[in-house]
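Shared chain: subunit A. Partners: subunit B in the first complex, subunit C in the second.
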Partner chain A sequence: MPKVKETEILIVGGGPAGLSAASAAANLGASVLVLERDGKPGGQLIKQTHKFFGSKKQYAGDRGYQIGDLLIEQCRNNPNLEVWTDTTVLGIYEDGVVTAEGQGKHLKITPKKIIVATGASEKMIAFPNNDLPGIYGAGAVQTLMNVHGIVPGKRVLMIGAGNIGLIVSYQLMQAGVEIAAIIEAAPTIGGYLVHASKIRRAGVPILTSHTITEAYGDEGVEGAIICKLDESWQPVLGSEQDLKVDVVCLAVGLSPLTELCFQADCQMKYVPELSGHVPVRSEYLETTRPGLYVAGDVSGVEEASSAMVEGRLAGISAACSLGYGEDIAPKLQAEALAELSELRAGPAGQKTLRGIINLMDKGGVVC
Partner chain B sequence: MRITEHPILEFQRGEEISFFFNGQELKGFEGETIAAALHAAGVRVLGHSHVMHRPRGLFCAIGNCSSCLMDVDGEPNIRICVEKLKPGMRVETQQGKGCLR
Partner chain C sequence: MLNKTGIPTAEDVKKVSPSEDRLKKGPVAIIECFQEIPCNPCTEACKQGAIQPMEDINNLPKLDFDKCNGCGVCLSRCPGLAIFIVDASYSDTEAVVRIPYEYLPVPQVSDKVVGLGRAGEELGVFEVIKVQSGGQKNKTYTLWLVVPNDLAMDLRSIRLGGVRHAN
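On to the complex of A and B.
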């Protein structure tokens, strides 16, 4: 391996956004290098066994891991494209050098353009003993169960009735684990009702306006206390229930993994509708640092379907800015933007759209 | 506990191998993470916090949160949720913060 690796477009993260960006840019003729910290590309898709919604263009009807395999296949067959796994990007410097650690070596890369597609990490909520073994993020449960084939325990309390909470509960049931209850602090179920109905039909209670007040146990979770919340989100006295569970699974949302954007001096803004601090960016996903693009959850937490389209848009835009596919790029960009509008047309998408408007508005930039 | 039957997935496991957890011999499969093998063997407590000595378990399983740092073959601070299991590996509960060699 040469001391400094040159590439036209460097993509940080080999999940749905990163892989889609990679094949879009490489198809237009740009040389692309994808760096993925995990041992296998595909991101969180590799552990998703549910079927996707949307339209055929976003692989509706296919299961997440099958879509992941498809994206990996597209990248594998492209001569302009390399994917390095087990490689973690460490920093993006002022002179354009990107450093990474891979296979125990310190690597330097000099790309012309960068696409950050680092995804998101799970949020935590505060309650006594929330650090006990047996309390997992929903992604960890999916990894254990759907990648390694290991169940996290016997009886689970799921916190959060958004899509992740509902889907992971159903997957736990498919793996033979009992769900004591799904609780949700909001007065309504956040996820799609088609997922919620499947769970209710199996007899699992979904308790809205409920929260966890504490977990208990010595060397691991042995149970949890939940209670009802009133209209002003305050605990209702005397409504406590003691659930004997050995697992508490948190599905309380994600925050964008934006460390690299902060470090690369992109202007950042706190946008609650996009789930946290996100980089200010153009319609074509270029941040305030010229030549640095973002795509997927790092630019605002949504779903894998929109992450793939954002990836394609960023890939096309980065390649086009290097002079590739200038004749067809405007058409491809317009197509991607139209697909994004379509994906965001539903009620959940309205929140994202409000977030993007808030983000594009010049006020409130933090650094 | 390992899943043996699943309505959607088939698990391709590598060869069964032995490794050591605090000196005790355990079985796992080549290619899976150390955390997966420990979990399958029923080990949930991976260490204790430095100040309050509270038990620490697996939380994120993707190398983000540092809840699962252990000493592996003499090297401290290994994120066992992403480190792959190898035959004969010595996985130990870490005491203290570990130091640079």
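On to the complex of A and C.
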């Protein structure tokens, strides 16, 4: 391998956004390199066994891992495109050099354009004994079960009734694990109600306005105390319940993985509706650092369907800025933007739309 | 309240239920989809023109009960597992309810299983008369259960962890 790897477009992250960006850019003729930290591309898609929502354009009705396989296949068949797995990007420098660790080496890459599609990481919440063995993040439970075929325990308390909490509960039940309850601090279920209903009718209680006060156990989790919250989110005295569980699974939200954007000196802004600090970017997903684009959860936590469309939009935009597909790029960009507006048009997308308006609004930039 | 418990209320269910007359005429889909989310595979699944195309992908599905022949294609396509088929013409006293199923083990024809309502409450023990595989790609099974007429609009799931036989 040459000392410095040259490529036209470097994509950081091989999840739904990164892979969609890669094939969109490569299809227009750009040379693309995808760097993926994990041993296999696909990101979170490879662990999603449920059927996806959306429309045909976002592969609705297919299961997440099937969509992942499809995206990987599209990339594999493209001669303009390389995917390096087990490779972690370390830094994006002022002179445009990107460094990475992979194949046991310190790698240097000089791309003309960069698309950061690093995704998001799970949030943690504080409660006594939250470091006991048996306390898992929902992503870890999915990795254990759906990548390695191992169930995390026998009886689980799920914290969080967003889509991840609901879906991972369903997957645990499919694996034969009992769900003692799904608790949610907010007064209403945050995830899609069809997910909630299918779990509820299988006999699992979903307790809104409830939180965990502590986990207990000697060697590992033996149980957890939960309690009700009043209208001002304060514990209701005497409402404690003791649940005998050997796993507490946390599905309490995601934060955009923006370290590289901070380090690359993109202007950042804290936008609660997008789940944290996100880079300020144009409609075509270019950040304030020219030539650096973002796509997927790193630009605001949302669904995989919109991450794929954002990836496509960033890929087209980056390729077009290098002179590829200038004739068809505007049409493709308009199509992607229309799909995004469609996905976000309903009540479920209002939060994201508010977040994007807030993000585009001048002021409040932190660095 | 559905958004606090996950259990559709009687009013919710009423909104998506066909008339008694229509139920008596034969199999019909009940689309228990009560929240506007970006999702439309049911509209593409329906070859009878009964589930109308959506203007906005976030719209709730609209089903024309008279055009629906209860074929069940939408049931196996719905990503939310929110569609059921009810056939109240099965016999004078009994109806067939078809439910989507994605757990193991998959019951076999003539097994007796514990039927559950929308809150997971036990409704009794019922016979499985047909099991349809969704195929290699789709993977969702459709279970056909025979229930007394008055439970046709209530039974929506079965007890997990295998089949519990009647004593």
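We adopt the following convention: the second predicted complex is superposed on the first by the 367 of 367 C-alpha atoms of A that agree within 3 Å, B and C clash if a C-alpha of one lies under 4 Å from a C-alpha of the other, contacts with A are read in each partner's own complex, and residues count from 1 in each chain.
Simple rule for what comes next: contacts are C-beta pairs under 8 Å (C-beta built on N, C-alpha and C of every residue); 3 or more make two chains touch, one makes a residue touch a chain.
These numbers come from a predicted model, not from an experiment.
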item: Combined model on subunit A where subunit B meets subunit C, clash or fit; value: fit
item: Where the C-alpha centre of subunit A sits as vertex, the angle toward subunit B and subunit C in the overlay (nearest 10 degrees); value: 100
item: Which of subunit B and subunit C A:Glu342 touches, first, second, both or neither; value: second
item: Touching partner for A:Ile328 - first (subunit B), second (subunit C), both, neither; value: neither
item: Subunit B versus subunit C as contact partner of A:Gly176, first or second or both or neither; value: both
item: Subunit A: partner with more touched residues, subunit B or subunit C; value: C
item: Subunit B versus subunit C as contact partner of A:Val4, first or second or both or neither; value: neither
item: Partner chain in contact with A:Arg63 - subunit B first, subunit C second, else both or neither; value: both
item: Which superposed partner A:Gly39 touches (first subunit B, second subunit C, both, neither); value: first
item: Lowest inter-chain C-alpha distance for subunit C and subunit B in the superposed arrangement, angstrom; value: 5
item: Common ground on subunit A, meaning residues reached by subunit C in one complex and by subunit B in the other; value: 63, 174, 176
item: For the subunit C and subunit A complex, residues of the former touching the latter; value: 1-8, 32-41, 44, 56-58, 77-82, 102-104, 116-120, 137-140, 156-157, 159-161
item: Residue ranges of subunit B in contact with subunit A within the complex; value: 1-3, 6-9, 11, 13, 32-33, 36, 39-40, 44-46, 49, 54-65, 81-82, 84
item: Subunit B-facing residues of subunit A, complex; value: 37-39, 49, 63, 121-122, 131-137, 139-140, 143-146, 148-152, 174-176, 218-220
item: Subunit A - residues contacting subunit C, complex; value: 50-56, 60-63, 66, 173-174, 176, 187-189, 192-204, 206, 208, 305, 342-349
